[in-house]
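This report concerns only the one structure given below.
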Amino acid sequence: MTSDRTVDLGFARLDVDRAARTGTPEVVYAAGKTPAQTVACLAGLLEGGAGSAWATRVDGDTATAIRDRWPDAVIDEEARCAVVGALPEPVGEVLVLTAGTSDGPVAAEVAATLAACGVGCRRVDDVGVAGVHRVLAVAPDLAAADAVVVVAGMDGALPSVVAGLTDRLVVAVPTSVGYGAAFGGLAALLTMLTACAPGVLVVNIDNGFGAGVAAARIARSAQR
Amino acid sequence: MTSDRTVDLGFARLDVDRAARTGTPEVVYAAGKTPAQTVACLAGLLEGGAGSAWATRVDGDTATAIRDRWPDAVIDEEARCAVVGALPEPVGEVLVLTAGTSDGPVAAEVAATLAACGVGCRRVDDVGVAGVHRVLAVAPDLAAADAVVVVAGMDGALPSVVAGLTDRLVVAVPTSVGYGAAFGGLAALLTMLTACAPGVLVVNIDNGFGAGVAAARIARSAQR
Amino acid sequence: MTSDRTVDLGFARLDVDRAARTGTPEVVYAAGKTPAQTVACLAGLLEGGAGSAWATRVDGDTATAIRDRWPDAVIDEEARCAVVGALPEPVGEVLVLTAGTSDGPVAAEVAATLAACGVGCRRVDDVGVAGVHRVLAVAPDLAAADAVVVVAGMDGALPSVVAGLTDRLVVAVPTSVGYGAAFGGLAALLTMLTACAPGVLVVNIDNGFGAGVAAARIARSAQR
Amino acid sequence: MTSDRTVDLGFARLDVDRAARTGTPEVVYAAGKTPAQTVACLAGLLEGGAGSAWATRVDGDTATAIRDRWPDAVIDEEARCAVVGALPEPVGEVLVLTAGTSDGPVAAEVAATLAACGVGCRRVDDVGVAGVHRVLAVAPDLAAADAVVVVAGMDGALPSVVAGLTDRLVVAVPTSVGYGAAFGGLAALLTMLTACAPGVLVVNIDNGFGAGVAAARIARSAQR
Amino acid sequence: MTSDRTVDLGFARLDVDRAARTGTPEVVYAAGKTPAQTVACLAGLLEGGAGSAWATRVDGDTATAIRDRWPDAVIDEEARCAVVGALPEPVGEVLVLTAGTSDGPVAAEVAATLAACGVGCRRVDDVGVAGVHRVLAVAPDLAAADAVVVVAGMDGALPSVVAGLTDRLVVAVPTSVGYGAAFGGLAALLTMLTACAPGVLVVNIDNGFGAGVAAARIARSAQR
Amino acid sequence: MTSDRTVDLGFARLDVDRAARTGTPEVVYAAGKTPAQTVACLAGLLEGGAGSAWATRVDGDTATAIRDRWPDAVIDEEARCAVVGALPEPVGEVLVLTAGTSDGPVAAEVAATLAACGVGCRRVDDVGVAGVHRVLAVAPDLAAADAVVVVAGMDGALPSVVAGLTDRLVVAVPTSVGYGAAFGGLAALLTMLTACAPGVLVVNIDNGFGAGVAAARIARSAQR
Amino acid sequence: MTSDRTVDLGFARLDVDRAARTGTPEVVYAAGKTPAQTVACLAGLLEGGAGSAWATRVDGDTATAIRDRWPDAVIDEEARCAVVGALPEPVGEVLVLTAGTSDGPVAAEVAATLAACGVGCRRVDDVGVAGVHRVLAVAPDLAAADAVVVVAGMDGALPSVVAGLTDRLVVAVPTSVGYGAAFGGLAALLTMLTACAPGVLVVNIDNGFGAGVAAARIARSAQR
Amino acid sequence: MTSDRTVDLGFARLDVDRAARTGTPEVVYAAGKTPAQTVACLAGLLEGGAGSAWATRVDGDTATAIRDRWPDAVIDEEARCAVVGALPEPVGEVLVLTAGTSDGPVAAEVAATLAACGVGCRRVDDVGVAGVHRVLAVAPDLAAADAVVVVAGMDGALPSVVAGLTDRLVVAVPTSVGYGAAFGGLAALLTMLTACAPGVLVVNIDNGFGAGVAAARIARSAQR
């Protein structure tokens, strides 16, 4: 089957047909890789025929190595993402909400992922449930979106409230924001998994990338 | 000091002056006691001078044993509480909210405790955040209350929203309602401990008794 | 706003306009309710104007009480669901996979939920990764589906493999099947949250209802 | 409703009427925010009409940025709190007890919060239960207080003993002081949640801010 | 070496010289054994030369089987212990305290173990820290004892207070008494392990047997 | 590929060529299946060409159903296993040790699995480390075995000691024997995973089946 | 009562009569205190009449501050302990065993504590159960000791084996040595709490101080 | 017995006959030892008669100290292992698979261990199940190997798939690669323990050394 080609770098075997199979290209998870390994993976994906290549969890050294190789790479420091090559034209719109300003970097990873997937993004920050009128104020945005991503740490209560206000799917991202009984995002994760409103789907703690890919698939499907 | 008298039953040493010291009489926790032990404790407290005596976590056999001894005991089956002797006249009012119908027994324990402490209670059930307008609808009740007790299982998100709507203290009671990642009330407990709104204080899972005592103290203090 | 009407039963406040707001009607969670309470909630929803009403986690006594009231209620014993009133005509198709036969009751709850939401369902059981050719054999089904629900206990590895084969969203449902280090579904839950393939979204352990609602929304959106 | 105004800074939406609604102004949680973001939030709150504005979890860089902008800001380094603007005149008195010297910074956050809320504070440190006569020695202070805050790490046993000595509400703050089976404050948290004396209400680990807000509300209510 | 003899019953290999090596005979842990297996183990120990033999965690069926075989066996139902043969004459005295009446069965296992080990026991029940004067009242008993065993569930705070009042070793036994955040004794276990007073040593949850053996060794050593 | 045939029963898809691929036939995990489903699976495997078929976690009803269908089925009640068809002639020998009598049922599952896999078994029970001479006494058995399976609950310390005495691989099976801090086998599991001697490999709690399969593979390989 | 004197330093209230009450002087826990606070506490204890004063968890800065104030202070860097004043003449002997070299610092804290308490210490390192003959080789030392302290990380199996070889009490100290499933000492802690041999008493992870105090009390009692 | 010789270094007691007893020499675990201690242990093993000596978890300072003493030591920086002396000639072959590039250092420790044990190694990296054709592509390698080691973090799903494709034993090594709900390798550990395919045996998180020793034993046994 042609959709099973692999590029073998020794330390990595790139799944260059993943986009053909799954609609999402293989993405380089840079944590735990040396800068040189990340650069080699990106190069391998481009040589394998991808129009663009993309890395997440990019630290400072890796960002430098990427820019050294591709001076026009787009590097989003807040999101810790890097894209090499042309971004697709965005279609549709995903609404990205954060419960607090400290959830910003994870929301930035969602936004960067949506951009890389060719989906539009509208972001509204700091709509925590402690001022529930701020949540009610985004109701028009909910109605206009193809999907909603809710990013929240601490009590992680925002998705429960949002899902009760909309018929859009809510992709909930717990963050590691908080201290003590937040247990590094565990509290928010459990809250979201037990949300009393249906229509809430959950990804890993701080996994803005996974939420972005999922929301992009929903949006693209709604735009078809 | 006269406030340190103890009645020794062998298997129990009743702290008969606790009401004088702490404003709340010693209450018999019937779980893990035989019906005979619970009856003996209640009798000891009455003989020690208490006007009324009171037990929580009362199962069927214990309820029968209590009624055999004191035919006019007030036994609240939903709350699993029993009171022997005259209840005080209620003062003030505590608002007790539940997120769902299944949280009812714990709310009943709160209400029974408030009655035993001589404080009025207004209870509104099933105001979960999945229909946030139901929460907003209780705003007038919040303003009229001396304190608010919020009882919620599953995601435990209700106290975060309520605390953002009122200047009353919110006593949050996580319940063991739910399954899977609710982990017997752990999810709701962590949510409440990390509530993004200040003014939320938390008691043990399913601890309607503790919430009732605390709310009663707040109400009595406000009525002074 | 007309979409905020509530029917107050005392022990419950039914959110009768939830379907209008969120596309999914309020569903009665029967666990922790008495049979009489569940029947009253269903009746209240019907009286509130719903064409059909629906309960999950229905045990034997509750099923009997429902059938006593509505002799033509549809009760799915494997799924522990009951529906009163006419089911909508199904549109689209969701593929529901189980890793093993023991995951069947949760998959049945997914299927019953899809039926109640008016979405078609194709179910293939026992495609565990220990015989990965069984997974590869469902590739044509994946391509034909609007969304995929994967139900798996024990190691919970199936969603990771499926998500690598399709561009459909994968809604992963961990189940409490297993023993020892399965920790009541925790192992499968963590596996799914950390799935190495993007496009996996997770619901609570054994939450076939939540997965069904989410998959129905995706399917309906794709059919629009 | 006038109590729902929001100031939109892009990365934050300040809830400037929270004090009107809840009696406690919105407070800036500086952890996870850049110094510039914290300064902007404080400025926004002041511009929104607040007489004073206040931040918690303030690190060194943020403290410097605040003082650069408002040279007369009050910065409490032990408490890691900053206040800009005039503090209210204190009324009433809350007794703040620590079990050990190492619990000092959390107690300092309680004290700073009480000051910001306009409530008086009396602090007695190092009254651990290993020398229970030290606890008995504070009995007169208990009787004079409007509420009691007990700050304790390690075994977290102090609130159980204190609550048996007073009719005041005890707000218990577990701290992350300790090692090994203290598990970052989890041991103390569980101890406090299961305290055998009623009248103990619990906040998150190290959450001196939350305890201070709650105690201030009790004190102000008692002074009314 | 003569202290290494083993009696082989097939399903069990009895360590008949353990008393010679360790001062404590092998004791039959009846949980998970059939009544017939427990009886056979007791018989094997007696035939191996022991003056008496002893089983813990004895349920009703096993108790009946033991009494059928040895009509004069001493069976303590509260402690779920059985002893066959003559008990030694007691020397010394261990003080056994419980925090509450519900901790009684575990204290009974401590007492039965002390009796089997030939050490005297004085038991005072229900001296919880919520009435700390009850703890202070046992100070003379503390001074008279060779060792102290403290049995407590829920918050497990009693050993911390007792250890601050005595120079005797405190053997702390957490119990599974409690609910919610007591987590089956985990809360009490962690409290005891992090006790702020030195001189507290801990055994497993509900392990009255282990506490009794340890206290007996201390008492016998002090009496030498 | 002929080794990928599947027999589709609707609720199950039997992997009838698994033995050809992996050396171990598909085994029916009866927990969570109805007796009829288990019987159908066994029948399907036999019809698919297997010489024998085999189920684990067989309860009483399922055992009856199996015997009704195949009167000469071999059902091991202690092991909760059933085999239909002829057992292979055993080769080689695996030594199975238990730390205590209560670990017997898990060891029985190991032994039944070895028999089904055609490998000999020598079982020595109750060689706990509290009488370490009992462990040393099995040294000759260790030298004679092709592999060693060690079954232990509570502290799970036996594999660490055994692995220091032999060059055979030690397959360690933690059991759920114990109470309190044994946490259902978690204590033994962690002990075995952190064993200070290399050569210890671990399976799931109570997983006698998995240990038996693994030990059989080692033994058959050594006998080749 | 003269045994209840307190020296009030503001940030600390020194319990100067604790030695009179409990046989062990108050010890300064330096973690979480500034160097100046630790020095002030030591000075306060000496001024309160103690012949010597003592601190644990002493880091480099605190050690320097202590030596600046008392040039002849004894500072044990491995144990992170400091003693000011004359050490008592040692009596009796406690045997301190470690399972591995990496457990050394905790064993050093045990030894330093014994020295401060006036009890002799014999230390044998690296007698892990993977070479069980090394454990058997210390049998004569066991017989000569007044008590045994066993320090072990990773699997924590050593106390189970030692307690089967001696009639001395075994004080078990789990350490945070290890990685992965050792979970910072949790594995060893659970192993020790569930030790299959009676006579094992457990202290907190890495708590050499607590083990030393307890062993000293046993030894002094045996020497009386 | 000659196989029980010990070399006593004071801080360590080297088990120099472990290779004779167990087939694997004592290996120095350098974490928690000073560089000088590690060097002394290696020297002691060589002086005790070992042809080579070997350390794991070697950091930079320790590596330098080893090379200073033995300039021709083989130090593998990725694996953090050091070997002094001649490596044995390799026999047989173990296949080592990683799920991702970030698992490389643990796989390197497996490979270094195999080399030290005299067993051949074939390593294929980055065959994660998200591209399951990459797994299927290694089928010929599986058939050629004496044993398989699978190294995987995050969801840890690879061993379940591999074990369904081979009759070789699969030694599964969970790694700490991942974030959030990966919980430092716990997710992968639980996945592997609950793998739905038999023939999977598990070692501690990141324990490449243990996996290597076990695989080497299997390979050597198969080559005999």
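The chains carry the letters A, B, C, D, E, F, G and H, assigned in the order they are written, with residues numbered from 1 in each.
Methods note: a contact is a pair of C-beta atoms (placed from the backbone, for glycine too) under 8 Å apart; a residue touches a chain by one contact, two chains touch by 3 or more.
Keep in mind it's a predicted model, so treat the numbers as computed, not measured.
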Can you name the chain that lies farthest from subunit A, using the mean of each chain's Cα atoms as its centre?
E
Indicate the whole-number Å distance between the mean C-alpha point of subunit C and the mean C-alpha point of subunit D.
44
Between subunit G and subunit D, distance of the C-alpha-averaged centres to the nearest whole Å:
35
Multi-partner residues of subunit H (each touching 2 or more other chains)
18, 100, 130-131, 163-165, 180-182, 189, 193-194, 197, 204-205
Per the touch rule above, enumerate the chain pairs that touch, sorted by label.
A-B, A-C, A-D, A-H, B-C, B-D, B-E, C-F, C-H, D-E, D-G, E-F, E-G, F-G, F-H, G-H
In their complex, what parts of subunit B are in touch with subunit C?
100-104, 124-127, 130-131, 133-134, 137, 177, 179-182
Hey, which residues of subunit H end up touching subunit G in the complex?
1, 4, 6, 10-13, 15, 18, 26, 29, 31-33, 37, 41, 174, 176, 184-185, 189, 204-207
The subunit F residues in contact with subunit G across the complex are 99-100, 128-132, 135-136, 154-157, 160-161, 163-165, 178, 180-183, 186-197
Given the complex with subunit H, which residues does subunit F contribute to the contact?
18, 21-24, 27, 163-169, 171, 189, 193-194, 197-205, 209-210, 213-214, 217-218, 221-222, 224
